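Okay, structure first, notes after.
Chain lettering (A, B, C and D) follows the sequence in which the chains are written, and residue indices restart at 1 in each chain.
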Amino acid sequence: MAGSTFGTIFTVTTWGESHGPAIGVVVDGCPAGLPLCADDIQQDLDLRRPGQSAYTTPRKEKDQVSILSGVFEGRTTGTPISLIVYNEDHHSADYSQIQDIYRPGHADYTFDQKYGFRDYRGGGRSSARETIGRVAAGAIARKVLTTLGITVQAYATAIGPVKIDMTAFDATEIRRNPFCLPDADAAKKAETFVQDCMSRQDSAGGIIECIADGLPAGLGQPVFDKLDAKLAQAIMSIGAVKGVEIGDGFAASESTGSDNNDSFCVEHSANAGAASAHITKKTNHAGGILGGISDGSRLIIRAAFKPTPSIRTEQNTVNRTGESIKLSIGGRHDPLVVPRAVIVVEAMTALTLVDLLLQNMGSRMEYLERIYR
Amino acid sequence: MAGSTFGTIFTVTTWGESHGPAIGVVVDGCPAGLPLCADDIQQDLDLRRPGQSAYTTPRKEKDQVSILSGVFEGRTTGTPISLIVYNEDHHSADYSQIQDIYRPGHADYTFDQKYGFRDYRGGGRSSARETIGRVAAGAIARKVLTTLGITVQAYATAIGPVKIDMTAFDATEIRRNPFCLPDADAAKKAETFVQDCMSRQDSAGGIIECIADGLPAGLGQPVFDKLDAKLAQAIMSIGAVKGVEIGDGFAASESTGSDNNDSFCVEHSANAGAASAHITKKTNHAGGILGGISDGSRLIIRAAFKPTPSIRTEQNTVNRTGESIKLSIGGRHDPLVVPRAVIVVEAMTALTLVDLLLQNMGSRMEYLERIYR
Amino acid sequence: MAGSTFGTIFTVTTWGESHGPAIGVVVDGCPAGLPLCADDIQQDLDLRRPGQSAYTTPRKEKDQVSILSGVFEGRTTGTPISLIVYNEDHHSADYSQIQDIYRPGHADYTFDQKYGFRDYRGGGRSSARETIGRVAAGAIARKVLTTLGITVQAYATAIGPVKIDMTAFDATEIRRNPFCLPDADAAKKAETFVQDCMSRQDSAGGIIECIADGLPAGLGQPVFDKLDAKLAQAIMSIGAVKGVEIGDGFAASESTGSDNNDSFCVEHSANAGAASAHITKKTNHAGGILGGISDGSRLIIRAAFKPTPSIRTEQNTVNRTGESIKLSIGGRHDPLVVPRAVIVVEAMTALTLVDLLLQNMGSRMEYLERIYR
Amino acid sequence: MAGSTFGTIFTVTTWGESHGPAIGVVVDGCPAGLPLCADDIQQDLDLRRPGQSAYTTPRKEKDQVSILSGVFEGRTTGTPISLIVYNEDHHSADYSQIQDIYRPGHADYTFDQKYGFRDYRGGGRSSARETIGRVAAGAIARKVLTTLGITVQAYATAIGPVKIDMTAFDATEIRRNPFCLPDADAAKKAETFVQDCMSRQDSAGGIIECIADGLPAGLGQPVFDKLDAKLAQAIMSIGAVKGVEIGDGFAASESTGSDNNDSFCVEHSANAGAASAHITKKTNHAGGILGGISDGSRLIIRAAFKPTPSIRTEQNTVNRTGESIKLSIGGRHDPLVVPRAVIVVEAMTALTLVDLLLQNMGSRMEYLERIYR
């Protein structure tokens, strides 16, 4: 695999550069018969679109998606779904002055080292616009999950040093503040912090948490394609992510076995009049994964985002020939990527889950007999 | 892929259960002409073997490896290298009393949910013995790296709440104390902490850091198979790992762009009398990866390990039929997995690097011309 | 893999239906630095375009290709190359009368069985228009091969029962007659045969042979990804192909070891004044492959194409609900697919060769040292 | 993939050389709950074992298989199944005199060219003993198929120029004659032909046909992983195969659309008293595959095997340094590979079918709902 494809059965292949004519994705292996229209995808794309608050870039990008294949009479056909978003005004900018400069924190130098040269316009392939393909594909994965009663939701738990108070968690707050924080107080503190950053022409990072509910136990392939391992790859492959954790994550390393182990218990429930009992866990330090396989509890994954590398503050760097350069990056850049990355984290989580749901269908002979006999 | 294979060109397929007759690995895609003998592999296996200190399980396992294929007259032939380690005394234990019990923090429940039943003897496929295949394959990957001047080294940076002092870092300490801590003072504190845990019949976790030096810039495939993404998958796929970070990791989320960006600069060196200059970075918050591609600086990756779930302290759980059970896990278990996991982290890092080195060979037309014209 | 992707390192993902808005392909893993423009690709697409003779469909399709990504300043960048061809007048046709009918020799029934329903317009995903993506990607692969001194050429060796006389082989004839036959006499006989077929409202098949010259010895991965095995998959995946053979193929089954074995010998040549000698074979019954690996001789592969299933002659069939139907397929269909398939066979051969060239770069430690030290 | 692995979900990784200590295979992705014991596998291995007639090598190889993992209490666990066969007396032979010689029709030269050197003992990795792994894995695949009511059977249809009379087809004959011919008369003629070959110290080839009954319609992934394409790869990857065809194969190229198209019709059957009707085809020129997807009819695939390259007749060749050599290959070699290859063709067919059965489980949303809701 050359790196632009993700997934084993439900495969996603993204393509496109920031300043090429278009950006897109091919989703192969989507089960046939899923109701799908462009609006289903546009909804998610609109959540990553810039210009939605004072704290994201004021660039105007409509990012209108078209479905080019794989959907017929409102349902997926089982064949590749090709999605395209045309880049607007991609001819306008003049990037010639930065074509030889290596911006700190960016991939300019490493692309040159890997390929011998690079498309230097607006980050080229390593631009955040590459996530358009991920979000568009993720919207399809989300529809598959919804059909099966599985939901995926992400939100920020920290903006720079400002953390949310977990006991004040309020899901309805998430899309009410510009930082996707599920805590109104934290959102106010974050606003002060980010405004301060912006006034110093600097940028900030943060943490995004993603949860999935309704997952059946049993997802994740043993050993290398564990649910947590594939999620770690999926999330770490997002541009600015520098860390990933599951459940208690790094905090678990300071805990003890007796505290960190989640006891199993039986939960009694009454559905439609009939009493039933099922095995569950009293706590969820594990974040819904044991031995790399979903345990039926809530899935919890967390990602650390570094501060946006594009800052107006003057920086020292060199150019292609090794000359020292002073660099101040103008233009309209996000002071923090977290708000627009929330939907990207959801997308990568959904893509991983659908692929593992499909892989898991072959885990028992009785499943084959259910389909084929 | 069914989950037991890792890698695209340099592929590793592990097999075997804790209490089956043997455990092993098939390494396919190893370049021909690499000098290799069983001792090269045994050295690394000996580092994960139990019984090397008071803080690992006193179980006796020789874990003697045999090369069954792919090596001829002391060199790899380019064909699959099959490695096998026979399990000793695998018939002795009596696991019938735990076959229906779901141990907290273990994969008993999730294996039953995924497959309908499980090999319950000693953890079966989810036993830590599965890492024998990883370490054996990793030893081969390490030899490939060494030939190219690349070194990989891991060590603990924390045992439970005890952290090393980075300014006191001493690589020679790593294999001198039972915790693989590169800091003699921290090792003493860790000893106290772990002894206390053990006296309370409890267990501990910790953090392992792994560095690679001598890496060429350019490794990592764009988008989904980024160097950090594949490392995250590789490391998170190790049994007890709950978090992975690159460079500054989670701390980067609290930093600002002006602090976190690493400035590029030119380094002048004199090799064999000839002066040369190359581009490098003044700092390394990024941990050697920019845009998912190695930048030629030191690679830094960190993994959080949860406390060993097997503890003698009594725990609440249920059995297969949902009855409540009190469980105290006897037997000889590691009070912490970190010391024996150090070599596993090195192995997974080495495997990832070799696969990406091979994938990167096709990144430029000039490389093809260097081989084929 | 969901089936629309081919290749391990040089990967090709096609998408699109006959009557959707567009059809396209994403080529990932193309080495950076290859000169490439739309014309390079258009040339090959023009060779599969209909309407070039009386013996292909008179449908008008311009099939104009656009490069949407992966090429910058006239060279490939190493990132995915997205190619698109818009379908013209795709709204015009009325397919409602065939939506429930299962056309003999077509994939209508099997798509319904696999997916529950299908895009019935013009064959949908199983239309011959799907080969546009293959040919477009193949043109890029061909450029890689040309750079390395490797040529790929296909031609017909039989049209229905009319075979060429191999002793009269004339490569300059191939594009001079409408059947791509390298033998002017056979072309005249084929014309008579096909006209007769057409007058009976029937269709014909044929055989295409493809050769590659300049291949280095050593291509092909052992065991399952042998050069001949991957070529067989590549060629058999073309719609109407029912058989594939290498070198003497089926005829070899009637030969004896002493006749079929190709003796090795030494060939002396004088290049640029310097005499040199290299090992070659006296004959080439093997078609350039021994043990699944190229031997440096000419590669020879042959494919059998069935007659076009769309015929005006009345046929018996059933509809979705099992009612008996009389069917006469009108419209503009190729009376034989061979002429337009010649470039498709070249494309699939070129794609296979480039992927195996890239995979082979990791076969020896000395190749790694040539790139990395 | 480095070439020793086949399959996407049901994956098979073979390893081992002719004269190494052992040969084996790892089967990953086998559904859990399949009853399996060593005897199930030994039965198939016994059919490829030499020494069963005057027309196969008299070498004695017991080829006793052991299951090293993945089976617990008589059922597969869903984890990798590792199978091993120890090579006997692998130290005895002296191959030093052929280590520098390139045997015609063998892979000696191409392995040297690919890897720089080779394990020259008995063909090394390209020995026919490599098929032990395929047959062992194929036995597991066959058990999966049997559970679903699918059977796979292969037999010879030609030994050299001797063809069977299809109207005299008698399945009970297949294992009654040493050539696996389903026609007693043809078997007698074959005997005369092969004895004649042997008396001239020469060898013969032949054709093997394989059929599968009970296949559901719908198997095969569109475009590149079509059922026929994957079968073509699978079968062509067997050592001596030079051609593969489906249904009428090469003969279809001489047919016309009106003859070659199979009409759909409705078949009425009475099962357990209840009348039912299903769509089928009146003829089966297509060999059970339309558009790369199984159509519910009998699957028919045919493979051409070249004559055994190892012959006692003197041949011209060269050695590593290019010197001309006269070579007569002594030892105990099969005068024809067809009889022992019959089970190999069945194995590769079964492996392909099971992998595509598993992949197909994700083709419809309703299948996901059947498993997960």
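One rule holds for everything that comes next: contacts are C-beta pairs under 8 Å (C-beta built on N, C-alpha and C of every residue); 3 or more make two chains touch, one makes a residue touch a chain.
These figures come from a predicted structure and were not determined experimentally.
Asker: Tell me which chain's centre, taken as the mean of its C-alpha atoms, is farthest from chain A.
Answerer: D
Asker: Looking at chain pairs B-C and A-C, which one is connected by more C-beta pairs in contact?
Answerer: A-C
Asker: Report the inter-centroid distance (CA atoms only) between chain A and chain B in whole Å.
Answerer: 26
Asker: Chain A to chain C: how many Å between their CA centres?
Answerer: Comparing mean C-alpha positions, chain C is 38 Å from chain A.
Asker: Determine the centre-to-centre distance between chain B and chain C, using the mean Cα coordinates as centres, and give it in whole Å.
Answerer: Centres of chain B and chain C (C-alpha means) sit 44 Å apart.
Asker: Scan chain C for residues touching two or more other chains and write them down.
Answerer: If we look for residues of chain C contacting two or more partner chains, we find 1-5, 8-10, 14, 29, 32-33, 78-79, 114-116, 125, 216, 222, 359, 363-364, 366.
Asker: Can you list the chain A residues touching chain B in their complex?
Answerer: 1-6, 8, 14, 102, 104-107, 109-111, 113-116, 125-126, 130, 158, 160-161, 197, 200, 202-207, 216-226, 228-237, 239, 241-250, 252-266, 277, 279, 281-282, 285-287, 290-296, 304-311, 313, 315-318, 322, 324, 359-360, 363-364, 366
Asker: Note which residues of chain A are touching chain D in the complex, please.
Answerer: 8-10, 29, 31-34, 76, 78-79, 144, 147-149, 216, 222, 357-359, 361-373
Asker: Where on chain C does chain A make contact in their complex?
Answerer: 1-5, 8-11, 13-17, 20-24, 26, 28-29, 32-33, 66, 68-70, 72, 75, 77-82, 84, 114-119, 124-125
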